[in-house]
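Scrolling down, you'll hit the structures one after another.
Presented sequentially are two complexes of chain A, the first with chain B as partner and the second with chain C.
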Partner chain A sequence: MEFTSFSFAIFLPIVFLLYWFVFNKTYKTQNVLLLSASIVFYLIADWKFISLLAASGFVNFWLAKIMIQKEDESFGRRLLFYLGIVFNVGILLYFKYLNFFIQSFVTLFNYNDAVNISFTPFHILLPLGISFFTFQMIGYLIDVYNEEINPTNDFLSFSTYLAYFPKILSGPIERVQDFLPQIQKKREFNYALTVDGLRQILWGLLKKSVLANNIMVITDSIFNDFHSMSGSTLFMGAILYSIGLYADFSGYSDIACGVSKLFNIKITNNFAFPFFSTNISSFWKRWHISLTSWMMNYVYTPLSFITRDYKKVGLILSINLTFLLVGLWHGANWTYVVFGLYQGLLFIPLIFRGSALNNNELDVNKFGLPSLGDFLKIMRTFLLVTLGMIFFRAESIAQASQIFLEISSSSFFSIPTIRPSYLFIIILVFLLVEWAGRTQEYAIEKLWLKYPKVLRWGIYYVIAMIIFLFGGKEQEFIYLQF
Partner chain B sequence: MKQFIIKIGAFSLLILLSILGVFCLADGSTDAMYLRFTTPSQKSLIIGASRGAQGIHPKEVNRILNRDDLYNYAFQGPNSPYGEIYLESIKRKLDTSTKHGLFILDVSPWTLGLRKNSETGEEYLSEEDGFIDNTNFVSLNPNIEYLIESLDKRYSDIIRNRIKKGKNLTYLIEDDGWLHVTLKPDQKSREYRTNKKIERYTKKLEDYHGVSEYRKESLVKTIQFLKQYGQVYLVRMPVIERMLAVENQLMPNFDAMMQEISEQNTALFINMMPDRDSYSFTDGNHLDKISGTQFSKDLANKIKILQNDK
Partner chain C sequence: MKLFFKKIGGVLIVFLVLTFLLSIGSLWSLRKSSFYKPSFLVNAVETSKFDYIILGASTGLTTLDTKQIDSILELTGINLSMDDTGIPSQYLMLKHFLAEGKTTRYCIIAPGVSSYNAQNEKLSDNDYRFLMFTNRDYVHDYYKGFEDTEAKILSYSKHAPFIGVSFYNAELFYPSLLTLLQPDKRNRFDNKGNYTYPVFQRNNDSIRFEKELKLAFRSPYLAKIKTLCDQNNIQLICYISPMEGTKVNITNSNYKSIDHSQIIKNKKYFYDKDHVNSLGRIQASKAFAQILKEVMTLETYVNKNGD
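Up next is the complex of A and B:
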C-alpha cells in the first residue's frame, strides 16, 4: 500500500477516525490502534516479512533490557551489545548484501582468469523498509549501551515506534528518544497541527505525482536507451533525474510527516531545500537528514574521535568512510559505493578550507534574491550533485562511465533530442515556490496563510485538482527499493 | 474536532464531485479501450485482438446482415484474447437472454502462440494483471473502476482528448465499439510503420514457441460458451505478404488447425487471408479505415452466404 494508492486514501481516514473517536481513551489504546494499523499496512505492502519485523522488535527490545541490567563495562554487557549489532547487521547483510559481496568476491578471484569460480545468485527477496527499521534498531542498541537513554519497558510503545506506518517503508530513520516520549502520553486533537499535516500531504502529493512521476518517465526513456542519446540529452537527463529524485523522496517525506501530524506525532522531515545549498556540506545537512544524522552520530563521530590525531587526513578519512557507508546503505551495487565516495571527495576542498562542517546561510537582497556569488555557488553545488546522480541512476559502473564519456564528448554541444519544455516550466514554477518557502518546514507551510480563507482553500482546491489531472503515470517511490 | 470534520468533509466532497465530473467526460476519445467497458451488455460480439478491433466495423456487418446488435469487444494491446481472463470478461459483457447472437472471433497465430517467460521458462500470459483482468465491471458508465485502475494516461487527457475529438486524435472508439485509428496516411509513413512492424514481429518470434495448448483450449472454451447463444465464426483477417511469411514461421498449419477446431465445435471458419491483396493496411498488420469498411462488408457477405447455405 503506497501513500499515493487508492487503498491508502481509504485506509488513512478510517485510521484517523478510529484514532480520535474510538481509541482516544488513553495513550495505550491510541498505540494499540497505531500498531494494529501499522501491521495491516505492512501486511498489505509486504506480508512475507512481517515476522522479520516482529523478530527484530522482539530481539532488540529484550536485548536492550537485559544488556542494561549487566554491570557497566562488563563482558556480559559487551557480549549482548555485540550480539545485538551482529543480529541487526546480519539481517541487513543477508537480505541486502549477500549476493553482492559473494559476486564481488567471485569477480575478484576470477580476475585475469586465474581461477574460474561460477556463482549463481541466491534468490533472496528484499524486505520492505529493512534499511530503515534496522538502522533504527542499531541506533537504539548503541544509545542504550552508551547509557544515553534508558531501555524502555513499554513493549507496546516500542513496537509502535518500530512499525509506525508513516515511516516504516522509507523512513525517516527516527531516534527512539525523539519518538517514544510523544507516544507515551495521550495525544489530544490539535486543529492547527492537523491542518498543517494536510497541507504537507498535499504538497508532498504534488511533488510526487506531478513532478516526480512525470520527470521519471522522461529520465527512464533517456537512461534506458543511453547508448543512442547525445551528451546534451544525457546531461539534461541527469539534471531532470536530480530534481525528480528530490521530488520523489521529499514528496514521500512530506506525506509521511503530514500523515503523522494527523495523529499529533511529529517525525523528522528528511529534507530542507537541499538544492539551495551553497556547498556540499550544506547540501548533505539538508538531504535525507535522518540518514545523515544517523551516520553523523553513529559512524562519523566515533571515527573522527579515533582519527583525531591525524588532523585533516583523519577528517578526510572519517568523512569518506562515512559517505562510503551512506552510498552502500542505498543498495548492493558498486555504483552506490562510487556515489558515496564521490560525495566524500567533494568534501576535501572544504576540509582544507576549514569549512567542512559549516552550514552556509544564504543572504538575500531586498527582492528576496540571493547575491550573484551565492547563486553561482548554488549552481555549482547543484551541478556537482547532479554529476554524482549519474552513478546513483546507472545500473553499473560501466554504464555510468559510458554516460560520462558521452557527456564529455562533442555531442554535449548538440541540441538535446528530448526536450520536455512543459516540464521545465513546471519545474521552474515549483522551484520558485520552494524558494519562497525555503525557511519553513515545507514550501507551502505558511505561504498563503495571510490570504482570506476562501482564497486559501481555493488554492488548495486547485493544487488538489492539479495533482488529480496532471499526476503522471503511477510509479513506485524510488526509496522503497532501499 | 467537529469543525475540522465538517470542513474537511466539505472540501473532500467538492474534490470528489470534481473528480466525478471529469470522469463523466470520459468517452470514446479517452483511450482505445474505455468506452467498451461502459456500454450495456451486448447480444452479439466481435472478439479478438487489435486486428479485429480496428478492422471489423459492426455498423457495416449489421447493415448487411439486417441486425442491430453486433458490438466490437476486441481489444488491442498485449492482452491476448483467448484465455480465462478474457472469457470471464466476455461472460460479463454478454446479454445471455439471446439465442440468436452473432459472434465473430478474430484468430491469428499470435493469439494462439505459446509465449514463454525467458527467466522461468513458464508460459507467459501477458493479460494477467492487465486492464481486462482488472476490470470487473464491464457495463458501468462512467466506469470508475477502469479509470482508477487501468487508465494509462493523465486524467487531464480525458478533457484534452474530448476537446480534440475529430482532429488529430489517434484513437477513437465509436458507439458500436469499433476502434477508429488515425495515422499519417502518406505512403512514406505507411512504409516506415510496415518495416518497423515486420522488424518487431520477426524479433517477437524469438519469444514464441509454436502453439499454446492453453490458448487453444481457451479458444475452444470460448466457442463452447458462445455457441449456446448463437452462431460462432472464426475469422482469419488479412495481412500483407511479408507479415504472413512471419506468421507462417510461427504456425505453418494455422489454417488447418482453425478448420479442425471449427468443425469439432460446430463453428465456421472464414479465412480472409487469400483476399489480402484487395485491402490496404496502416502497418502491414492492420486494415486502414477504408479497407476496414470494405473488409467488413466482404465478411458480412460471406457470413450471409454461409447463413443461407445453412
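Up next is the complex of A and C:
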C-alpha cells in the first residue's frame, strides 16, 4: 500500500476516525490502534516479512532490557551488545548484501583467470523498509549501551515505534528518544497541527504525483536508452533526475510527516531544501537528514574520535568511510559505493579550507534574492550533486562511465532531444515556491498564511487541481527499494 | 474537532464540484473537436454514405491510404483506424459509425495480425478516446464488458467523469485545453483519417519470409463485427497488412480476407517489422485498390447474374 494509492486513501480516514473517536481513551488504546493499523499496512505492503519485523522488535527490546541489567563495562553487557549488533547487521547483510558480496568476491577471484568459480545468486527477497527499521534498532541498542537512554519497558509503545506506518517503508530513521515520549502520553486532537498535516500532505502529493511521476517517465526514457542519447540530452536527464529524485523522496517524507501530524505525532523532516545549499556539507545536512544524522551519530563521530590524531587526514578518512557507508546503505551495487565515495571526495576541498562541517547560511537582499556569489555556489553544488546522481541512477559502473564519456564528448553541445513542455514551467514555479518557503519546515507551511482566506484557499485548490489534472501515471516511490 | 470535520467536509465538496465541472468541460471540449477519431467522425466527416471504411490499429492507419485508393477507384472511403487498438475497439468504432447514421458497402478490418486470433480480448490502450461519448449506451456497455482496472475507471466515468479525466489526464485534459483554442486540430491524421510513417534510410535488401503465422480468426469480437455487418448489409473484409519476414497461413475460410503479408519484398519500404513507411504505403494502397476493384466487379456481376 503506497501513500498515493487508492487503498491508502481509504485506509487513512478509517484509522483517523477510529483513532480520535473509538480508541481515544488512553495512550495505550491509541497505541493499540496505531500498532494494529501499522501491522495491517505492512501486511498489505509486504506480508511475507511481518514475522521478520516482529522478530526484530522482540529481540532488540529484550536485548536492551537484559543488557542494561548487566554491570557497566562487564563482559556480559558487551557480549549482549555485540550480539544485538550482529543480529541487526546480519539481517541486513543476509537480505540486502549477501549476493552482492559473494558476487564481488567471485569476480575478484576470477579476475586473472587463475581460478574459475561460478556463482548463481540466491533468490532472496528484500523485505520492505529493512534498511530503515534495522538502523533504528541499531541506534536504539547503541544508545542504551552508551546509557544515553534507558531501555523502555513498554513493549506496546516500542512496537508502535518500530512499525509506525507513516515511517516503516521509507523512514525517516527516527530516534527512539524523539519518538517514544510522544506516544507514551495521551494525544489530544490538535486542530492547527491537523490542518498543518493536511497542508504538508498536499505539498507532498504535488511533489510526488506531478513532479516525480512525470519527470521519471522522461528520465527513464533517457537512461534506459542511453546508448542513443547525446551528451546534452544525458546531462539534461541527469538534472531532471536530481529534481525528480528530490521530488519523489521529499514528497514521500512530506506525506509521512503530514500523515503523522494527523495523529498528533511529529516525526523528523528528512529534507530542508537541499538544492539551495552553497556547498556539499550544507547539502548533506539538508538531504535525507535522518540518515545523515544517524551516520553522524553512530559512524562519523566514533570514527573521527579514533582518527583524531591524524588531523586532516583522519578527518578525510572518517568522512569518506562514512559516505562509503551512506552509499552502500542505498543498495547492493558498486554504483552506490562509487556514489558514496564521490560525495566523500567532494568534502576534501572543504576540509582543507577548514569548513567541512560549517553550516553556510544564505544572505539575501531586500528582494529575497541571493548574492551573485551565493547563486553561483548554489549552482556549483547542484551541478556536483547532479553528476553524482549519474552513479546513483546507473545500473552499473560501466553504464555510468559511458554516460560520463558521452557527456564529455562534443555531443554535449548539441540540442537536447527533450521536448520543452508544461513540465518545465511546473518545475520552475515549484522551485520558486520552494525558494520562497525555504526557511520553513516545508515550502508552503506558512507561505500564504498572511494572505486573505479566499486567496489562500484559492491557491490550495489550484494545487489540488494541478495534482488532479497534471499528475503522472503512478510509479513506486524510489526509496521503497532501499 | 467538529469544526475540523465541518471544514474538511466543505473543502471536499468544493473540490468534488470543481473537479466535476472541469472534467465535464474537458470532455465537452473534446466532444466538440476533431482531435481523436471518434469526435472527428462526428464533427468533421459530413459524408454519410461511404463505399468503404477502414477500421484498424496502427497497421490500418499507416498502410491503407484512403486518398490514394479513392483517386484510383473514384470511391469514397475513410480511414477510422486508431493506433494501439485491437479488434474490440474496431467493433466499438463500427458501432459508433453506424450510430451516427452513416453507411458503407465495405468494412475493411486491419488490426495487428495477432489480434485476429486473440480470444481473451482486453481493453485497448487508446479506448479512452471514446470517453467523451460514454453517455451513449454502446460506449458504456463496451467499457463495462471488460474486467481490468482501466475499463472500470472508464466505466465509472459515466457518472463520475473526473475519475477518467484524472487517470488519463495527459491524454484527455491537455488535448482538451488545446482543442478549446483549435477545435479543428487532429491528432496526427489527415482529413481522410490517414497517417504515414517517414522513410528512414534502410538497406535495400530483399526480405526472406521465414516465419509463418496461422490465422484462424478466433477473436470473438471479430464474430460480433461480422454479425453487425450482416445486419447492416455491409461486406466485411479482413485485411492482413504487409509484414517484414512473416507470411500468413489462413486456416478459416468463413471470413473474406486480403492477405498482403508478403506483398512487399524489400526492406526499404518498411518503417519497422510491422509497419510500412510512406513508400510502402503507396505500394500497399495500390495493390489493395486493385483487389478491392476486383471484389467490387465480382459482386456487381453476382448481383446482376446471380451465383
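As a working rule, the second predicted complex is superposed on the first by the 480 of 482 C-alpha atoms of A that agree within 3 Å, B and C clash if a C-alpha of one lies under 4 Å from a C-alpha of the other, contacts with A are read in each partner's own complex, and residues count from 1 in each chain.
In this text, a contact is a pair of C-beta atoms (placed from the backbone, for glycine too) under 8 Å apart; a residue touches a chain by one contact, two chains touch by 3 or more.
Not measured: the values here are computed from a predicted model.
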When chain B and chain C are modelled together on chain A, clash or fit: clash
Partner chain(s) touched by A:Phe412 [first = chain B, second = chain C, both, neither]: neither
First (chain B), second (chain C), both or neither touched by A:Phe430: neither
Touching partner for A:Phe404 - first (chain B), second (chain C), both, neither: neither
Which of chain B and chain C A:Met465 touches, first, second, both or neither: both
Partner chain in contact with A:Phe58 - chain B first, chain C second, else both or neither: neither
First (chain B), second (chain C), both or neither touched by A:Tyr422: second
Chain C-contacting residues of chain A that also contact chain B: 20, 189, 191, 194-195, 198, 461, 464-465, 468-472
Chain A to chain B touching residues, read off their complex: 6, 20, 189, 191, 194-195, 198, 457, 460-461, 464-465, 468-473
Touching residues on chain C, where the partner in the complex is chain A: 1, 3-4, 8, 14-15, 18-19, 22, 162, 165-166, 169-170, 173-174
Residues of chain A that touch chain C when the two form their complex: 20, 189, 191, 194-195, 198, 422, 461, 464-465, 468-472
Partner chain A, residues of chain B touching it in the complex: 1, 3-4, 8, 11, 14-15, 18-19, 22, 148, 152-156, 159
